[in-house]
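Shared chain: subunit A. Partners: subunit B in the first complex, subunit C in the second.
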Partner chain A sequence: MFIYTVKRFALAGLILIVAVTAMFLMIRAVPGDPVSIMLGPRATPELKASLIAQMALDQPIWKQLLIYYGGLLRGDLGIDVFSGRSVVEIVFQQLPYTLEMITLSVVWSATLGIALGAYAAANPNTMIDRIAAAVSVSFVAAPAFVVALLALLIFAVQLQWFPAIGAGEGFWGRLNHLVLPSFAIGLSWVGYIARLVRASMLEVLGEGHIRTARAFGISERRIIMSYALRIAILPVFTVIGVGMGFLLSSAVFTEIVFARPGIGKLVIDSITTRNYPVVMGTVLVSTGLFVLSTAIADLLNALLDPRARSAK
Partner chain B sequence: MSDTLLEIDNLSVDYETERGDLKALRDISFDVQKGEIVGIVGESGCGKSTLISSILRLTAPNTRFRQGEVRFKGDDILTKTERQMRDLRGSDISIVFQDPMQTHNPVLTIGRQLVDIQHRSKATKAQKLDIAAKMLAAVGIPDPQARLKQHPHEFSGGMRQRIAIAMALMSEPDLLIADEPTTALDATLEVQIIERLKDLQSEMNCAILFISHHLGVIAELCDRVVVMYAGAVVESGDVREIFHDPKHPYTRRLIECDPGHIKTRARILPTIPGEVPDLANLPDGCIFRDRCEQATDRCHQVPALEKLKEGHFAACWLNHHEEAAT
Partner chain C sequence: MKLEWTKAPMGRRNFLKTATALGASAALPMGFAGQAMASEGSTLRVRSYGDMSTMDPAHSNGVFDEEIHASVYNKLIQYKPGSEWGWQLDAASMIEQADPTHINFALRDDIGFTNGHGAMTAEDVKFSFERIIADETESPNKPDMGSFSHVEVTGEREGTIVLNEPFAPLWSIALPYITGNIVSKAATEAAGGRIGTDPVAESGPYLRASWSPKEKTVLTRNPDWKGDAPAWDNIEILPIDDENTAEIAFEAGELDFTRVSLGSVERYRAGVPNGGTLLENPSLFYVWLGMNLDHPKLQNPLLRQAIQHAIDVPSILEAAYFGAVEPSTGIIAPGLAGHREAGKVAPAADFARAAELLAESGETNVTLTLDVLNKTTFTTTAQIIQATLAGIGITVEINVLESGAFWDSGNNENLQLVLNRFSMTPDPTYATAWFTTEQAGIWNWENFRNAEFDQLHADAARETDLAKRAEMYIRAQDLMEESGAYRFITHEATPVVHSSGIIPALRPDGLTLLRYFGKS
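Let's turn to the complex of A and B:
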C-alpha cells in the first residue's frame, strides 16, 4: 500500500508537469501584447522595456518555461502586475472560498445520491424507485449555471430566504452564503450518483457472496448496509475524483452568478485583464486540485477494496 | 416422529427467459432421511444447482415454482414466509455453493464473515473468533488465527472451498447441502474433505445432500444416489445397488464413462455422445431417447419413475418386460 501511494503521487506529479507546460505554452500563444494591455496606452517605451525584462518576455520560450519552473520550485508564482502582490498569496486567499463550496456540494449530493441509489436498488421497480429515477434524470439534465440563476431568483430575490451575493462573515454567515451555490453545483450530482449507485448496487446484490450471506440468515438490512454498499459505493469516489474538473468549471459559473470570491472569479477577472501571472497561478492550483483529487480517489478505492490494493 | 428430514414431491421449476419458459426441473421427487447422505449426479446443466437453491429458496429472480412441495421436517418450505425462511437458513439447513471464488465477500475479512454468520449465538466476539479459528483448523487451513485477518483474494480456490465448508458446518445443521464442494480441490485434499465430512456426519448425525459429477466421490461418501438428466430424476436408489445394477441406460453410460474410484481424477464431466435436449423446447416422449442406443417405439411416451424394488426407482420402459411382451 505504501509503495502504491508513492507511485500514485509520482504519477500525479508527472501529470501536473505536463499540464503546466501545456498551459504555459497556450497562454503565450494567445494573441495580444500583454505588456501594452497591462500598462495601458500611455506607457513609455522605457517602462515597457523594464516590464518585459522583469517578466522575462524577451527570453526564448523554453527559457521562460525554465524560469517559471525555477520559481515554482521555490514556491514563487510571480507577481501580480497590477497590485504588486505575490500570486501565491492572491490565489491562496481565494482558494478556501472555492474549496468550501465544492466540498459542501460534494458532501450533500453524494450523501443524498448514495442513500437514494441504495434505497432504489433495495426496492427495485417499486413506486419509490420510479420516482427516484424520474427525479434523477431531471436533475442530471440541469446544468449548474441554470440552477444557480433560478435558485438566485427564487430563493434569494423572491423569497429572500438566503443571501444573494458574497461569501459572508463568521461560521454561520459563511454557511448561510454557501447554501444556494452548493445547492446549484450539487443538484445534478445527486441524480448522477443515485443512478450510479443504484446500478452498481443491483450488480453487487446479484453476486454470489450476497447469496451466501442470505444463506446464513443474515438480515437484509445488514446485507445492504455492510455487505453490498461498501462495494457499490466504490465507483462514486472515482467519479467524484475525475469529476473535479467539472466541479471546478461549475464553480466558475456559480461564483460569477452569486458574485462570490473564489478562484473561478479570480481566473475570469485575470483573463479579461491579461494578468498572466495570476492566470497561470490559478490554473496551476486548479490543475493541482484536479490531479490531487483523482489521486485521492484512487487511494480511497485501494483502501476500501482489498482486491485493488494487492493488484497494484 | 418420522425419520424423514427432507421430502421433495413432484417439484417443477421454470426459468422465465426471452425464449420462453426453460423447464429446469420437472416432477422431481425424492427424500432424505435423518442422518443420511444422499448424492445427486448428472451432467452439467441438468438442474442440480437449481434444485438445491430451490430447497433454500435462494433462486434467481426469474425462477418460477410451478408445482410440487419441498417439505423440511414436515413443513412446506415453499409456503413459508421470508422471515421463517431466514430462521431456517444457516441454522437448520446450511449450504456450500458451487463456485468458491464467488462465495465470500471480497471487501470483508474472512474472520468478520465467519463471525457474522454466528449472529444467532450470544457468545462474545472473541469467542466467536475462537470458534471460527477452530473451524478453519478443522478443515485443514494452517495458521487459522492469522488467516482470519485476511481477505478472500488472499486464499486459493481450494482454501476458499474449505472455508465455505467450515462456514456451513459451524452451526451444526440438520441438513448440509453441498454443491460440488470438492471440485476445486486436488485428489488428496478431496479425500481428506470427504473423510472429514464423514466424521462430522457421524459426530453430529446431520444429513448431507451432496452434489457431484464425480461418481467415485459419490460411491465413497453416499448412502443413496439420485441420478438426474435434463431436469428430471431418471433413477434413484441405494448406492451399491445403482453402481452394480443400474436400471436406466443413462446411469449405465455415466458409470461406463467414469468407473468411479475416488483416487482417480474425473474433473472433466463424463461425456456421452449426443446432446442434452433444449429445456426451453422439450421433445416428446422420454427425454433421453435421442441419445439412447436401446430406444424403441415405446419411448415416444414418457416413462414414469417406477419403483422397481424397495428403494430403487428408475424411469425407463426397459424395466417393463411383461408389458413389452403384450
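Let's turn to the complex of A and C:
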C-alpha cells in the first residue's frame, strides 16, 4: 500500500507539472497585449515598460517559465499587478468559498444518490425503481445553469426562502447562502450517482457471498446495508474524485450566477484582464485540487478493495 | 374539505416563509439570531459592476474604486447630484480661479483624518495632487491632471493650484473625479508612499469598515465627520458584473439600487417589483462603427461614405438596444460642451444615396471584415450592419473577439471595420483625446490623422470660454465624420432601479454618488 501511495502521488505531481506548464504557455498564446489591457488607455509608455519588466514579459518564454517555477519552489506565486497583493493570499482567500460549495454539493448529492440507487436496487423492476430511474435520468439531463436560474427565480425571488447572491457571514449565514448554489451543482450528480449505485448494487447482489448470507438467514436489510452497499459504493469514490474537475468548472458559472466569491469567479476575472500571476495561481490550486482528489479517490479505492492495488 | 389558500389570513407564501423561519429558528443555535441582531442601523445595499482593487486614488482603476474613494476621502470639490453637470464644495470652503493658471483655495477647518493623522491641511492637498504626476508614483491617472504643475501652500489651510497652461477639464475631471481625492500626507508616507487595499487614513462621511474580495465592501458612518450627516449608517457595495444576476437580487429584495440591462427597461417601465422605481439616465459612453483609413480596402472615400449612409442606426437601436436608447451625433454626449445637435449623416439609412456613392466609387465585389467584442449587443449590431451593407452589395464577415484580443486591436494591421465603444468622463477633451494623430494605432484604430483636429483638441483643452470651446469640439466631430471613417451609433443609457426606501444621488450619467444617497 505504501509503494502504491508513493507511486500515486508521484504521478499526481507529474500531472500537476504538465498541467501548469501547458496553462502557462496557453495563456501567453492568447491574443492581446496584457500590459495594455491591464493598465488601460491612459497608461504612459514608461508605466507600460515598468510593468513589462515587473512581470518579466520582456524575457523569452522559456525564461519566464523558469522564473515562474523558481518562484513556485520558494512558495511565491507572484503579485497581483492591480492590487499589489500576494497571489497566494488572493487565491487562498477565495478557495474556501469554492471548496465549501463543492463539498456541500458532493455531500448532499452523494447521500441522496446512494440512498436512491440502493433503494432502487433493493426493489428492482418495481414502480419505485421505475420512478427512481425516471427521476435520476431527469436530474442528469438538467443543465446546471438552468437549474441555477430556475432555483433563483423560484426560491429566491418568488418564495424568498433563500438568499440570491453573496456568500453570507457566520456559519449559518454561509450555510444559508450555499443552499441554492450547491443544489444547482449537485442535482445532476444525484441522478448520476443513483444510476451508478443501482447498477453496481445489482451486480453485487447477484454475487456468491450475498447468496451465502441469504442462506444463513441474515436479514435483507442487513445484507444490503452491511455487505452489498459497502462494495457497491466503491465506484462512487472514483466518480466523485474525477468529478472534482467537473465540479470546479461548474463553480465558474455558479459563482457568476449567484454573485459568489470563489476560485471560478477569480479565474474568469483574471483571464479577462490578462492578470497572468493570478491566472496561474488559480490554475495551480484548482489543478492541484483535482489531482489530489483523484489520488485520494484511487487510494480509498485501493484501501477498500485490495484488487485495485494488485492491478497496478 | 377544499382548502382556499388565497383566502387564508396568512398567504401560502407567507405561511411557508413563517414556517421555515420558525423551523429554522428552532433548529439553529444563537449564532444566526445573534448575527441578525448585530446588524444595527440602516443599511443601503448597492451593486457595483466590479470589485474594489485599491484604496489609493493614484492607482484607482476607475468607477468601482472611485465609488468607494469618493465616500471615504474628500476632494476640494465634488460632482453635484442631479441631471446637469456641475460641482459643489466639499473639503474646500472657498475655491476661485485667480487667473487662467492659478486657482486659490481654502480648506474647511472641520475635516480630519482617521488613525490620529490630524486635520486636513493644504500640505495634504499639495501631496495628494503632486504625487499623481510624480514619475515615481507610476499613476495611470496622471493624464487626468493635464497641465497641473504644483500647489503652492500659502497657509495651514490655504493654497494655490498652479497650472503650466490653462486647463479647462480641471473643473470637470481633475478636481471632482479620481485625481481630486485628498489623502493624508503623513499616513501615506508612513505606509511607504503607496496605499494598498486597506485605507491608511480616511476623512469622508464614511469609513471603509470591511472588504471581502469579490463579495462586498462595507462602509460605515464616520463618527468624527462634522459635515452634513449622511442618511445611511452603513453602505454595502456588492460587486456583481452580470446585470441579470443583479436584477434577480434586486427583485429578491437583496439590493436597494442597481443598474439594469437595456433589455429589461421595457419590463421595468411596466412596473418595478417591491414598489421600486426605474430611472432612465443618459450615458456618456459612445458607440460607433470605425473604418481603418490605413487599410488598402478602405482607401476610397466614396466607399466609406457609402458605408456611412447604408447603416441604419434606428434598426440597430431597436434590435440591439431594445429601443431604450437614442442615436448619437458624435462622440460627445448631450449635456457636455461640444455636443452636436445633429450629425452630417442622418441616423436613418439612405440606401439610394449609399448605392449612388458606391457606384461612384467604382468599387465592386467589396468584402470587409467587421471586428466586434463578444457581447450580445455588439454581435447583434454587427449582424444588422452586415444585413444593411449587404443591401448595397457589400459583404461583411463578422469577427467576434474576446475582450483581451479585441482591446488589442490597435496592433492589428489587418483591421478593417470595427464596432467600438469607449467610456467617458464628463469633459469633451476626454473624448477627442483618443482620435489625435498621436493616438493612431494605439487607441485611434481608424488611424484618423488630421492636423486641424489635433490643433482643435489641444486648443479646446486650454479654452476657458465655454461657448468657444463648444464650437471647437463641434468642428472636431465634423472633421471626424467628414473623413468617412466614423458612423456614430449611440451614447447608450444608464437605466437604474431603486427600492422604495431610498432617494438615489446620481451624476447626470447615472453613476452613483453614494455619500449623498438619502432616505424617503
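Criterion: the second predicted complex is superposed on the first by the 308 of 312 C-alpha atoms of A that agree within 3 Å, B and C clash if a C-alpha of one lies under 4 Å from a C-alpha of the other, contacts with A are read in each partner's own complex, and residues count from 1 in each chain.
Here is the rule we use: a residue touches a chain if its C-beta (ideal position, glycine included) is under 8 Å from a C-beta of that chain, and two chains touch if they have at least 3 such contacts.
All of these numbers come straight from a predicted model, not from anything done at the bench.
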Request  = After lining both complexes up on subunit A, report clash or fit for subunit B versus subunit C.
outcome  = fit
Request  = May I ask you to decide whether A:W189 touches subunit B, subunit C, both, or neither, giving the answer as first, second, both or neither?
outcome  = neither
Ask   = Between the C-alpha centres of subunit B and subunit C, what angle is opened at the C-alpha centre of subunit A, expressed to the nearest 10°?
value = 160
Task = May I ask you to decide whether A:F253 touches subunit B, subunit C, both, or neither, giving the answer as first, second, both or neither?
result = neither
Partner chain in contact with A:G40 - subunit B first, subunit C second, else both or neither = second
Task = Considering only the touch criterion stated at the top, classify A:F24 as touching first (subunit B), second (subunit C), both, or neither.
result = neither
Task = Have a look at where A:A213 lands relative to subunit B and subunit C in the superposition and call it first, second, both or neither.
result = first
Request  = Check whether A:Q160 is in contact with subunit B, with subunit C, with both or with neither, and answer first, second, both or neither.
outcome  = second
Message = For A:I231 in the superposed arrangement: first (subunit B), second (subunit C), both or neither?
response = first
Query = Rounded to the nearest angstrom, what is the minimum C-alpha distance from subunit B to subunit C in the superposition?
reply = 39
Request  = Note which residues of subunit B are touching subunit A in the complex, please.
outcome  = 56, 58, 86-91, 94-95, 97, 99, 102-108, 116-117, 119-120, 151, 153-154, 164, 167
Request  = Could you pull out which subunit A residues touch subunit B in their complex?
outcome  = 207-219, 222, 226-227, 230-231, 304-307, 310
Ask   = Which of the residues in subunit C come into contact with subunit A in the complex?
value = 13, 16-17, 20, 28, 31-32, 35, 51, 53-54, 61-62, 135, 138, 140-144, 194, 196-197, 212-216, 238-242, 245-246, 248-249, 251-255, 401-408, 410-411, 434, 443
Message = Please output the residues of subunit A touching subunit C within their complex, sorted ascending.
response = 30-34, 36-37, 39-44, 46-47, 50, 82-85, 90, 93-94, 97, 152-153, 156-161, 163-167, 169-173, 256-262, 265-266, 269, 271-274
